[in-house]
Every structure is written in structure tokens, then in C-alpha cells.
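The block underneath contains the structure these notes are about, expressed in C-alpha cells.
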Amino acid sequence: MEDNFGYLLAGFSIGWALFMGLAYWTYRKVMRVRQDIDDLKRARNPRPEDG
Amino acid sequence: MNEAKPIKAESTRSIVPRLTWLDGLFWVTAIAIFVDLYLIFLWVPKEAIQGNVQRIFYFHLPAAWIAYLAFFLVFLFGIFHLKTRNPKWDHYAYSAAELGVVFTSVTIVTGIIWAKPIFGVWWVWDARLTTTALLWLVYVGYLMVGAYAVSGDKASRLRSAVGILGFAVVPINYLSVSLWDTVHIEPIVIGGDDTFLSADMRLTLYFSLATFTALFVFLLVVRIMLRESEAAVEELDQERETALS
Amino acid sequence: MSYWRSIATIVRKDLLVELRGKEIILSVSFFVFLMVFIFNFAFKPGTIPLEVMTPGVLWFTFLFAGMLSFQRVVSTEQENGCLDGLMLCPHGRDVIFVAKTISSFLFVLVVEVISLPFFAVVFNLSFFPVELLLIIPLATFGISIIGTLLAALSMNTRLREVMLPILLIPLVVPVVIAAVESTGNALSGEGWASVQPWIWVMVIFDIVFLVIGLLTFEHVIEE
Amino acid sequence: MEHPAIEARGLSRSYGRVKAISNLGLTIAPGEKVVLIGPNGSGKTTLIKLLSTLIRPTSGTLKLFGKDTASHGAQLRRRVGVLLHEPLLYNRLTALENLQFYSKMFNVPNEDRRIWELAEEMEIGDLLKTRVDSLSHGQRKRVSILRALLHDPPILLLDEPDAGLDQTAVQGLVKLVSRNGRTVVMSTHNLESGLSMAQRVIVLKKGKVIMDVDREVLDGANLDLGYEALVTG
């Protein structure tokens, strides 16, 4: 490979790695939020429907 | 009326929510991306005429295909939403539209970066690029309708109609722009079809497309979950208000 | 058959309401008058060859005139909840869409006919190419279909004022390109051959969006 | 067996998360006069709009004369007259022009005779030539009632017709409405005009029917007391 793309590859890789890390962190956070919401719903609903 | 009792969110379950198929998809995508990078930058041979600039093609084309896939989904989900009036479809459509705009932006930016060295000008009114730009305009309008109301019933149905209209205009856009198109570029340069590519190039292109698709599916599902959580929180707010009033 | 009779009744009623107030035709025609002035100040005549500029100015003005009219045609139904009155009539809700599109189309056409001589004078057009008799109605109808659909759908939501231009313009680009190009060719006397492909673009555009309008309108217009 | 005029099964309608009508069952025979009573927000107007096919239910079925409103909407609207809070009249047209427009839409035979006939009955013959925007609220209401009766509908839905009407107009309305075998559903706030017109009283609360009884069973007095108790709850 006469023109060495090592630096470009490295740069891109770091960029993508950061992006994917952020994506994974968001994904886990969303899962957590969904569970909290489910808990909230369960906590509210068993209350007898008034009126 | 009784006071809504405060909710203590003490969670009895484990801190880390259980793993799902999304985790599997995530790791597959992560690995595929790095392989894809390796293919694009090191493995695939340099294009004879344009040199290394042409490597951006392996980002530009997949991003364009995914953008059109995303907006096709918005079109489909829009129809389902109008038919069944189930807010679920609106959440799916909105998430797909948001990702569609992201991928369209990537397509346009890579198109511009690619056009500069080839033509010495930033923007070129190529039929494909212009149609994509128009699509971007329509669906940013779509998202702005969304910004007004997350679960407003009428606004969400208006969004679905715009989503359907927006996609239907694509073929006509392409037809009228290519008739109008003054700059003639041979297809290979900006997102041409793949018959001119050598075997290695075609392999890289398809691999890159597969990686982008996996990434798109992952981001879409996460965004849908987020969107549904937004709607759920809004619903709980309304419930709390009615309970308190 | 009663489908077209109902549409004709609604259109006749719209014309009657408009004649009574003449609100739309007068104010929009005056708007076109202003636009032509502004364009003249913006592009000093003589700097740009007229036949290049005229189609662009013409259709830009007609597009904005259209947008003003769609909002008004639809909002006449908003007073006293008249839209509910139409929805209670014994026919499908798509009749309302078709009727309102035709009413908007007629209003904008009248404005265009009124302002064409004015354009001819200011841009000293020596002759009136006959192709325009086909280009102007086709393009105006295309714009009216999408304009009416969006105006009606965003009617009683908070989005009304700002949404129409933002949503309408990207959607009507193909018909505006077709109109400008074919008007340019017609004005420079290139004859039918050069205008014909653009006519097809507009015909396809009108048909596709009329069908989509018919299918989506009733689902969205209901409460 | 003749179909009931109005038949609702498990009917519900929600706006966003608020359930305006929840799982409501109702059967009204042809010719029956029914009055809907209930506090604000109990779903009276929503129910009237549902019966008139103006809005679609989120769940449940609604049949008029045995035909489902979801599939036969347009056809059924020919047999339903509706009066809403809004007069549904075009301000810049005269009352006559408005009525001529609606009679063409409902293709009422020899419409002018019909319009004048009804106008005499409702004593608004002299108003027909004036523009709607120069009519008073009460006059507009009467023109709108006339609009609902133009096509002589077998079902008549009135959403608080007595709001803004003076006593004589209310009597005129009651006389007009309670004639021949027309099925009438009328929602109202004040009891007297409701009772004077209806055989059957339905009390709505939070989108549910909490009382459905014939007028004879309840004389005016204890209905007042009962109503207050029921409604405040």
C-alpha cells in the first residue's frame, strides 16, 4: 500500500468506537427507563379505579 | 379526591436490565464496522480514475440506500397509522423519519465532499443528489410537525399524511430533476450502479451496506423504544394531572 | 350522479361566499402586484435577460399567491364550525377534498388571469404563447391539490400558520420546475416539442397526488 | 323484528388518554324521545357526535337502523339531523342561501317550498333574507334547527338546543320535535325543557350511563334531588 491510510483508518476507528460506545450507553439507559416506566405503571394501576 | 400516593421507585430487580437480542445485534454491528473500515481504507484497490477520493463512495451509497429505506418505512408506517389509528405506528414512523434525516444528511455531506475534488464546486445539481436533498427538506418539515406534539392525535395523523406524500414525490422528483439536470456526470462518480465496479469493490460495497443496515436497525429499535417511553411518560403525566384535579 | 352534483354544489357555494366578500381575489391579486414590483427592484431590468427571469418570477409569485388562497378557502369552513356541517352531509368525506381543491384552483386561476396582462406589460412580453393555456392550469391544479390537502389537514391544529409553506414548498418542487421550464420554452417560442415532456411531468404529478389526497383525506380530517 | 333506531355496544371514545365515552351500551327504539342529562364533561356532546357519525369510536360498535356507522356512514347521514353548539352556517351568506345549500346537499325535493314551510312553523320567515352574521345567537340557532330538519330525518340529535334560546323558542322547539314518529336524542342542562319533551331520561357521568329510566317512574321532584346526589357523587 504506497499511500499509507493507517492514520485515516485509526482516526475513523476511534470516531466510530466513540459513536458505538455512546450508542450502547444510550441503549442501556433506554432499557433502564423502560423498566422504570413499567414499574411506575404497575405501581399506579393496581389502585382500584375510582368513580 | 384522594391525594395520588407518592411513588417510591425502589427497584427490587438487578441494577443491569437483562440482555436482549439487541445486545447481540450491537456487537455484530460494532465488529462489522471495524471490518468495514479496514476494507474501505486498506483492502479495496484504489479506483483508477479518481484515486483514493472515490473511497468515500462506500459511505455515500450505503447511506443513500438506508435513507431511502428509512423513508419507505415512514411511508409504510404512515399508511398503517392512518388505517388503524394505533399510535404505535406513529412512534415507529417518527423514529424512522428521524434516522432517515440523519442518513440523508450523511449522504448529502459525503456527496458534497466528493464533488469538490472532482468538479471543483461544492454542490452539483445531479438528479440523485437533488432528489435526496428534496427528500431531506420534506422530512425535516415532517419532524417539525412532530416537534409540536408528541402524541397529539390530529398532529400525528397530519404527520403520517406528510410522510406518505413525501415518499410519493420521490419518483416524480427524480423524473423532473433528471429532465432538468444540466450537468451530465457519468454514473460511476456520484452513486452510480455497481456494474462498473470490480469484484473487490462490489464486495466492499455490499459489506458496507450490510453494516449500515445493521446499524440502522439497531438505532431504529432503540429510538422507537425511546419514543414510546416519551409517550408513556406523557401519558403518566396526564394521569397524574387528572388524578390530582 | 350525485358525487359530482355534491362537489358542484360545494364549489358553487364557495364561489358565492367569495363573491360576497371578494376577500381572496382582491387581496391576493394585490399581493401579486406587489411581488412584481419587488422583483423589478431586486433585479434591475436589463441586467438579466428577460426570458430567463420571467418564468421564474411568474411562478414564484403564483406559488405564493396560491399559498395565501389555500389558507383562506379552508378557513371559510372554520367559522361557525361549517366543516362539521359538510362532514354531516350524506356523502364520503373525499368529496369535500375534491370540492375544496377545485374551489382553490379556480380562485388562483382567476388571480393568475388578472395578473398575466400586468406581467406582460412589466416584462414586455410581445406575444402570449398558446402553450401557456395548458401549462398554467395543469401546474396550478397540481399546487392546489397539495395546498388544499395540507391546509385542510393542518386546519384546527396549532400548526396552521407556519406549517403550510414549510410542508408545501418541498412537495411541489417538481411541478414548479416543470412549470418554469415549460413556460421558459414557450416564451422563447421553442414550440410544442420542448414543452411536451414537462406537460407529462405535471399530468403525472396531478394524478398521483389527487389519488393520494383522496385516500388520505378522510382518515386525517376526522376528529 | 324491526331494527332499533340506535344501538350501541361497548362504545368508547378517548381523546388522547382521556376517556370521554367508556364502554357505553344503549338501545333506542324508533320514535322514542330520549333526553341526556349530566354535568359538563360527562360525554354528552361526544356521544351526540358519535351518534351523528361526525367522529369515529375508538372501540365498540354503533348501529343506526341495524346498519353499522363504520361502513355505512354516508348512507346513514341522510337519515340523521344534527344540531350542534355551532350553527354550521356561512356568515357571509343569507339564511336562505345557507338552507338552499344544505337542501341541495341532502337533495331535498322541491326545497324552496320545504324551507318556507318550516320557516313559517318556526316563525323565522322574515329572517331568511338577512345575512347570518347579522342574526342574533338565538335566531342563528333557530335557522340551524331548521337546517337539521330540512331532509325530514327519522333520527334527530340535538346538543343542548335550549342553550341561548328564550322560553317561547324552546316551546316552539319542543312542539316541533315531539311531533310525528321521529326518534329524538337531546342533551340538555336544565331539567324542565328536557322532561317536557322526553319519555326516557338517561343520566351520563364520566362517559358512562349511570341511570336510564322512564319519566313516569321519576316525578320531577325526586329527580331533582336524585340528580344532584347522583351527579356530585
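A, B, C and D are the chain letters, set down in written order, and residue numbers restart from 1 in every chain.
Note that in this section contacts are C-beta pairs under 8 Å (C-beta built on N, C-alpha and C of every residue); 3 or more make two chains touch, one makes a residue touch a chain.
Nothing here was measured: the structure is a model prediction, and the numbers come from that model.
Asks: Looking at chain pairs B-D and C-D, which one is connected by more C-beta pairs in contact?
Replies: C-D
Asks: Measuring from the mean of all protein Cα atoms shown, which chain centre lies nearest?
Replies: It is chain C that sits nearest the middle.
Asks: Could you put a whole-Å number on the gap between the CA centroids of chain A and chain C?
Replies: Chain A and chain C have C-alpha centres separated by 46 Å.
Asks: What whole-number Å value describes the gap between the mean CA coordinates of chain C and chain D?
Replies: 39
Asks: Measuring centre to centre with CA averages, how many angstrom lie between chain A and chain D?
Replies: Measuring from centre to centre gives 53 Å for this pair.
Asks: So which bits of chain C are touching at least two other chains?
Replies: 223
Asks: Considering chain A alone, which of its residues make contact with at least two other chains?
Replies: Not one residue in chain A touches at least two other chains.
Asks: Give every residue of chain A touching chain B within the complex, in rising order.
Replies: 1, 3, 5, 8-9, 12-13, 16, 20, 23-24, 26-28, 30-37, 39-41, 43-44, 47, 50
Asks: Which residues of chain C touch chain D once you look at their complex with the stated criterion?
Replies: Of all residues in chain C, those touching chain D are 2, 5-6, 9-10, 13, 16-17, 20-21, 76, 79-82, 84-85, 87-92, 222-223.
Asks: Can you check the complex and tell me which residues of chain D touch chain C?
Replies: Chain D residues touching chain C: 49, 52-56, 74-75, 77-78, 80, 82, 84-93, 97, 101-102, 104-107, 132, 140, 147.
Asks: Give every residue of chain B touching chain C within the complex, in rising order.
Replies: That would be residues 82-83, 85, 134, 137-138, 141-142, 144-145, 148-149, 152, 154-155, 157-158, 160-162, 164-166, 168-169, 172-173, 175-177, 179-180 of chain B.
Asks: So in the complex, the part of chain C that touches chain B is made up of which residues?
Replies: Residues of chain C touching chain B: 146, 149-150, 153-154, 156-159, 163, 166-167, 169-171, 173-175, 177-178, 181, 197-198, 201, 204-205, 208-209, 212, 216, 219-220, 223.
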